[in-house]
Structures are given as structure tokens and as C-alpha cells.
Amino acid sequence: MMKEQWMEVVSNQPIALDTYEMTLHGELVSTMTQPGQFLHLKIGEGFSHMLRRPLSIADVDQDDQTVKIIYKVIGEGTKWLSQAKPGDQIHVLGPRGHGFPVEKVTGAHIYLIGGGVGVPPLYYLGKKLAERNRVTAVLGFQTMDAVFYEDKFQELGETMILTDDGSYGKRGLVTDVLEADMDLYYTCGPLGMLHAVTRKLKDVKGYVSLEERMGCGIGACFACVCKTTDPNDDRGYRKICKDGPVFPAKEVVLWQI
Amino acid sequence: MMKEQWMEVVSNQPIALDTYEMTLHGELVSTMTQPGQFLHLKIGEGFSHMLRRPLSIADVDQDDQTVKIIYKVIGEGTKWLSQAKPGDQIHVLGPRGHGFPVEKVTGAHIYLIGGGVGVPPLYYLGKKLAERNRVTAVLGFQTMDAVFYEDKFQELGETMILTDDGSYGKRGLVTDVLEADMDLYYTCGPLGMLHAVTRKLKDVKGYVSLEERMGCGIGACFACVCKTTDPNDDRGYRKICKDGPVFPAKEVVLWQI
Amino acid sequence: MADLRVSLPGLDLKNPIMPASGCFGFGREFSEFYDLNQLGAIVIKAATGKARYGNPTPRVAETPSGMLNAIGLQNPGVDQIIETELPFLMSYDVPVVANVAGSTVEEYVEVTEKISRHPVVHAIELNISCPNVKEGGIQFGTDPKTAAYLTEKVKEVSDKPVYVKLSPNVTDIVEMAKAVADAGADGLSMINTLTGMRFDLHQKRPIIANETGGLSGPAIKPIALRMIYQVRQALDLPIIGMGGITSAEDAVEFLLAGANAVAIGTANFLDPYVCPKVIESLPETLERYGFSSIHECRLKGEGPHE
Amino acid sequence: MADLRVSLPGLDLKNPIMPASGCFGFGREFSEFYDLNQLGAIVIKAATGKARYGNPTPRVAETPSGMLNAIGLQNPGVDQIIETELPFLMSYDVPVVANVAGSTVEEYVEVTEKISRHPVVHAIELNISCPNVKEGGIQFGTDPKTAAYLTEKVKEVSDKPVYVKLSPNVTDIVEMAKAVADAGADGLSMINTLTGMRFDLHQKRPIIANETGGLSGPAIKPIALRMIYQVRQALDLPIIGMGGITSAEDAVEFLLAGANAVAIGTANFLDPYVCPKVIESLPETLERYGFSSIHECRLKGEGPHE
């Protein structure tokens, strides 16, 4: 199976504060079927940047052979990405990791709980889930200018937007509006949010998507491990890049000491 | 005075074996009036390549605000240059150094003696000199495929091409065809050639253009020095990037021990 | 076509290219990308006596043309490695170099004794230089006497040739090399990572949870080349060279400096296919520079190294 | 706007940015690019007792995100520098740091004594670490006792505060720092270059005529940061930090690691305007990360350094 490709930038534009949506085209898209997986992108020319950047698959169009990623400009890598122009080639390794399990989920009321640039993978997930389930999205952003994809989520189901400063939607944290009226939840966002969400929804089945600085992105270097909650787990850890980034909420320790 | 600019690539194409001609456009061209000076080009993105590459001015068109450089692909830097496309921006520092003195030369029979990628600066020089002098060009190349600019030199005066392997023009070295029937010579090329030329023409007034690996390219780092022949010279050395790259043939030691 | 074969103590290599320890796990992940049989050898991740979880995360950070890592020797322990990882590697016709680490001399000895007996293991790489282990780790690699003592003890129990992997974080690399050579090392691996740091400007603390990490990648190539060259001038011992190799040109540069074979580490992260790519372009690269075999890669005026 | 002023022994700086020794000559060339009055200070090229021609060329080579140099202390000698270079610098309102080198203790002492008396010189930077001088140069920088002895002798004759410039080519940088601190150093400069090599594949020999050269540029930044951090944990002495700085972010990272001011070397070659550019963007950069002055740039939980 194809595992990497120089993909072509179809479009690359800002959709919110410091946040860009990039559409990439290539045959590699045919392998991108699991929401929650990520692409591992090469940055810069040659070997000037030795580490790739992991970015979640935000949407896939198999007919067009295009994939979308949504990224916030944080440092050098995402800044470089933001300067890519249509026609440029970007080397993509992936899709990597294991995503959200969607195959067997039907007729359920599912919450998609996202924060900031944790929102992107939930969109592709929501599209897949909405076919056979009721989807509610609770999306938190820092401020009004940072909000993106509200309309798109609304097409999938009820969508609540929250901002930290109250400049748009409700003021507050995603946990403020969560009730346990759900069968299942999927969440992705900053660690603090994941922590709060999993604690508040501790009696609900859920999946979290984790982030960690990565070396290889394929499971070989042990850069991206997290601990398991079960002290009798035979390994005691998971590799976020390979076993994850998505885990059952109860399986992994979110905050290591 | 302007000292640097992001110049725009107008064209960039192979003109001989591994040899490219690049045309750059920008206001900086207005400062490029002295043949023999060089441009100091930034290579690659950001700070991945810490050293600029020195390349001689091969031709200048003040009306169009364009400058031409001709370069052979040697290593990473020139390879990167060879991949530049029209519209790309390349950062240029320069023109740097002191070129061939042409102002006061009139009515003389002048030899331009070039080897390989030492030929480029001689073209702009020849254009300036041919206005008021008789110019003869003796140009050596490794092989037929490496030859470039023959026609252009022919427009300036008699032009002899030599190749090491005899595949084009005369077989042999430039020194094979040199007679002392000249008032002045200007030479640029590999060190071995400069050495042979200056020895053979030791009784003729001449100028050599030297190459050396450079740090700063502006005279601050002492990377590019060569020794002077005069043991009583007050410094004992010259900086190729600043005092040169062009020197009176008798002023500098070509082969250091 | 240029002859790529190299013969070193315990290692009859079909080519001089191997993945470096810690950058290739135990080969499984990369076997999904290409046939591992193409490799000259495989250097597996460090084995310790018991399973280790390693350091807290973040464990890696990017640096200009390089990266920092502080994995902290996470591994399932030597018994588990023998039980579950080495059998997988048996299915390939590639010699395995087992990287051995520990906190005490006893641990090194125990691990070496166990792992060197396994038939897939053709040589031991003694990791005396891992800077990420607080107890002992760094001292073994920076004090010649301790390094020599450790080498001696490990040699006593090892069924296989022992390559000692040197730390570059020393004033005098030749002194270190000589010490372990005198103690019986069959070869050297050099270099391991240089200790470095990066800081997170937002968080105002080191990026790596362990504070410092090991610097690897092209950034350290000139230091690796210098150290290999200096040791080669002083000693005839086989050297497996590494530090920032990304291409066949780089590999040849290491051979010129004095290495007999080379390992590729960090570059595997950027391009999982880098090892087979380098192997594939090595013959033409050698020929371009006028060499018809690996053994011919010598500096002007220098004889063969072995 | 964030306060850029820094006050160090002998150096009242309007901002913490200065060009590093050897990368800025004596300022003349750069004065054609911008007004040197913008700089916090100017560190001039190493002065020795007599004029030196330095090493044969090639003296520089490129490396990934870095470069090697083996200039070999070319300079016109201390008397000539005092006579022709320092007067030029008098016309600027910028403190000059005089970098002093030598092959013997006597030479260091002589040069320091002479140059420190000049009014434009506000501090001495004792270059004990230049790896390109065969006689003595490297030993001063790698042996704590010799370094301490040299520092002591130089302090005896210096009218101005002495910053000792440490070599990174050592096993234990803290030991070196402590040794020169105990010997009376008023501050530290760190780091100088790491010894490295590159080879020319066509010529089959080292690119640098001197064989080895000093590695500088962004490649060494993580090593510089680590060493500064380690020394800062151990000592309260002022530190002028350097090694691969190219931007205001880099400068802030060095301040966080523990530097009190920073010097920019190699980056001047790529961009002659890098110093004024960094100075210009420093206030907004500081503010972006929540600092209102240079003195506030501290790691979480750390107090001021002086």
C-alpha cells in the first residue's frame, strides 16, 4: 500500500485567526478512510527540518482525491506551510495512526467535543457518523476570530460554539454545556480540556485524541508515549503515533506526573 | 547606496553541460557597473545555508534592470539555484569587490583569457572594453558540451575556443595559443590556468580574477585572503572579496605553499 | 558496479549501511515500508536488564538541521526483547547489532551475556554514552577508566564482538577510544548524541521534560567527521560512523574520514526509506568519485584502515 | 516599549545585542551597511601580540545550518589595532569589547595590558578557546587549571573587566566556568566554536586547509543553550551568550537559558543587517512573550541572574 507521496497544494487560505485550511491532492487520498488519523508533513527544503509535523485529516473527498487539513500557525513549520501556494508540492507520510472507530456505531447520540485546532479531525469524523447517528457538536475557541467551520458542523447536527472571552457564542468552557445525555463522545483539543471533559463524562463511553511531540511518527522511536491507566497492562504505555492518536478515554493517563 | 535586494528570477536555463544562465531583475542592477565584481547570493530557505555563494556578473542591461550570471552546478548551492523558476525571488548582496579597471583603457589590443566558469565575467568586461579597444578572446573548456557564449564573444572580437579533449575548437590549453602580441590581458579561470597564463605572459601587463571560499564576502572575516608578492607590502595580504577578486597579475601570490 | 561489501568483526555486510540504534526500534515498523533484507545490518534499540518506561514527555524537540531526544532508554527489557523482538528479526538475512545499556556495570554485563548468545545477534554495541540516563550513564561515556573497565567486563561475557559506542561530549575523544581499545573493544561506534537544550518561549521552560536531550542529525555531522578522523589517525580499530548522515554522499564522506561502515539515525524519521535509498545510490556515488569498492574510500595518501 | 538596557561589568548596554568576535572585523565593513551606534556593544576580532597571517586557505566550509572556520587569528597585531582600528571605533558611542588571544600566557598578558588601557575598550574578552591555534590555544580552553592561571595573570594587568570566552570542546563546562570564576573572571562569554571537519569528495581531503575548523551557526545553538543553562545553574557570573543566534526569538531563548546579553556571529555573513534587525524586533518579541525588560527574561521560578 502507498505510504507517502509528494502531494500538490490545491488551495491554502486563512479561515480564522492564524488558522489555515489547506487542500492537498494526490492518489494517497485513497488510503485516507479513517477519521482521526493524521498526516505527517515534511517541512522546508532538504534536511533543514528533521522532524515532520503531524496534522489531522479534517476532510476527505475521494472523488476529487483531495484531503483537507486545518492548522494554526504556531512555529516555524506551520508558518512554512502557511506560505505554500497552489501548485507547490508537499511531502506527506500517512495516513498514520489509528483513528476514531466509526464502523459499528449506529443510531447513537454522539457528542463531538472540540477545542481550537482539536476541532479539525472531528469534522471528518462527524461527516462519517452523521450518516447513521445523531451528532451534537460542542466547539470551544479562544475568541470570535478563531472560530471556524461552524456552518459545516451545523450541517451535521446541533452545534454549540463557546468562546473563552464570550466574544462569540456562549462564554465559557465546553464542559459548562455538557450533559450526560449522550451515548458516546469523541473529543480532541488541548490537554486541559480533554482532562476536564473526561472527568465530567467519566460515566460515558468516550474517545480522546492526544497530541505529543513526535520523532518518527510511525512507532519506532518512542518519542510519543503515554501511560495506560491499567497497572496490569502488559506494556504500560501506548504510542500516540501508532496506537493512537485516538484512545478510549479510560485507557490512557492524560496527565503524567 | 542600495547594497542588497530580493531580486526576481526572469529566466534560468541550461546553456551548456551543467551550466546555467540566470537573469535577475531589480533596481540593484543600477549599482552594477564594474565588470569583474560579483554577486553574493543567498541559498535556500531561512538559515539552512549559512554561507552565500559568490557568482560573477556576466552581463548587465541597465535599460531592463537585469543582470545575468552564468554558473556551473557544483554542489548544493548551485543545484538549488538551477531549480529556481521565473518569478522566484533570490536575495542578492552586491555587487561586491573590485572588478577589472576599464575606465582608462583605450586603443589597446586586449586579450580576454578565460577557462570554464571563469569565462562569464570576461563577457561583461569585453562588452565594456570593445567600445574603445581591440579585443581577442581565448576561451578554454573541458569539452564541446561545456562551451558557451562563443557567438557572443565573437561579436566583440576574434575568439578562439579550446577544449581539453579537442572535441571542439582547438585541442589544448589556452596558453598554447597565447602570443605576447597584446598590450594587456585579463584572465579568469581555474588556478592552474591562471598560474600558467601569468607565467607565460609575465612581461605583459595583466589582471587576474581569483576565487576563494568566502565567509562574509564583505571583507570582515578574513576567510578569503591571498598573499601579496611584495614582501614589503604593508599588509602582506589581500582580501579577495573586498580588495579583489581582480588583482594586477603581479600583485598576488597565486599558489600558496 | 562498485563493490559494497564490508567485512568487520562479526559483521559480514552486503553493504555498509545500517539504521542507527534507537531510530529504528526493532525493525518492525520499517518492515512495513520496505524489505529489511536490503540493509547491511540492523542496530536495534538499547536493551536494559529490566523494562524501562523512560523519561516523561515531551521527549523530542526540533533544532536547526537536527533534533534533541531524551527517550530515556525506554525498552521492554532484555528478556522480553529476546523473546518477542529477536525472533521477528530471525526471518531476515541481516546481521543484528544489539545495543546494550545499563545503569551499573552488572546490568551491562547481564544484558550482554544474555543477548549476545542469541544467534541473530552478530555483534554488541556497548552504549556507554546515552546522556539521558541519570545514574551512571554519562560517566561511563566520559571517563576513560570507567569506560575501559566496563568494556573489559562486558568482553569477558560476550560471545560476540563488542563495538563500544563513544560519546562526543568529551574533551579528548582519542583518549576515550584508546582506553576502550586497550580494554579489548573489537570496534567503535561513533558518535552518539551531543547534549543540548531548547527552551519554550511561551512556557518559559526547557522544551524537553528531561531538560537536556541528545542532539542528532546533520547539525552534528562535522563534529562526527572530526572525531572519526582523529580516532582513525590514532587507531586501526574498525569504526561504524554516524551522525547526521542523510545521503550516499554523506556516507562516502564518513568513509573518507575513516569509518568502515555507517549508521543512519535521525534521517529515518524524515524519510522512512532513507536507508534503502542511500544503499541504492551508493554504487553510482562511489563511482562518481572514482572508487570501485567501499575499501577504496580512503583519503589521499592513506592506506586501507584494517 | 520593553526596556532593552542591560548593565554588566564595564558594559552599560543600550541593548543586549552585539556582533561576535571575528565575525565583524573591527566594524569598518559593517559601518558601510548601517550606523554602528545602534549596537549594544562591538566585540572586535582577536588581537595578538604581533601581526599574524593566519592559516592557509580554504579557511571556511559550509555545514548543515552552520559553517566551519579556521582563520587562524589573522590580525594586524595589538599595536596596529590600537593605532588604526580603535580610533575609528572612537567615533561611535558604543562600548568595545576587545577579544584577546595568544600562544603564551605572556602574549595574553601583553596584549591585555596594552589594549585594556584604550578608552574605547570597555571590557576584555579572553579568547582561551580558539581551536585554530596549534601552540597552546586549545589547551588554555580545555584545562581548568591553565585557564584559571591565565585568567589570574590577565586580571592582574587589565584595567577593564575580563570576560573569559569558554570553549565548548570540553567534557565539563561547569568545571571550566568555576575555575575561571574563582580566578577572578568578571564574566563569561560562551560559547566559542566546536571543532569539526568536512571532506571534499573530489579532492579526497579535508575541505579546510587546516584540516579541522570551528563549527558555528544555528547548528550549535542547542549546545550553546545547554552549556549556558548548566553554568547559570552553578554560577551567578554575567554571561554573554552566543552560538547560532539569527533572530530576536533566538536572543530571548539565550536570555531564558541564562545569558545576560548575547552576541551574533555567523548570521552576519548571511545577512549583514542581522544585528540591527534583531535589535529592532526585540521589543515586540519580548512583549509577545510577556516580558517588559531584558532583566525579566527568566525561566519560570527563577530569580534575576545578577
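Lettered A, B, C and D in written order, each chain numbered from 1.
One rule holds for everything that comes next: a residue touches a chain if its C-beta (ideal position, glycine included) is under 8 Å from a C-beta of that chain, and two chains touch if they have at least 3 such contacts.
Fair warning: this is a prediction, and the values are worked out from it, not measured in the lab.
Of the two chain pairs shown, A-D and B-D, the one joined by more C-beta contacts is B-D.
Comparing the CA-atom centres of all chains against that of chain A, the greatest distance is found for B.
Rounded to a whole number, the gap between the C-alpha centres of chain B and chain C is 45 angstrom.
Computed centre separation for the pair chain B/chain D is 35 angstrom, with centres defined by C-alpha atoms.
With centres taken as mean Cα positions, chain D sits 34 Å from chain C.
Contacts with at least two other chains are made by residues 47-48, 76 of chain B.
Touching two or more other chains at once are residues 64-66, 217-218 of chain D.
Looking at the complex, you find that chain D touches chain A at residues 64-65.
Residues of chain A touching chain C in their complex: 3-4, 42, 47-52, 76-77, 93, 212-227, 235-237, 242, 256-257. Across the complex, chain B is touched by residues 44-46, 48, 76, 80 of chain A. For chain C in complex with chain D, the residues that touch the partner chain are 63-66, 68, 142, 169-172, 194-199, 201-206, 211-213, 215, 217-223, 225-226, 229, 244, 249, 252-253, 256-257, 289, 298-300.
Only residues 22-25, 28-30, 32-33, 45, 51, 53-54, 56-62, 64-67, 69, 71, 74, 76, 207, 217-218, 246, 266-270, 272-273 of chain D touch chain B when the two sit together in their complex.
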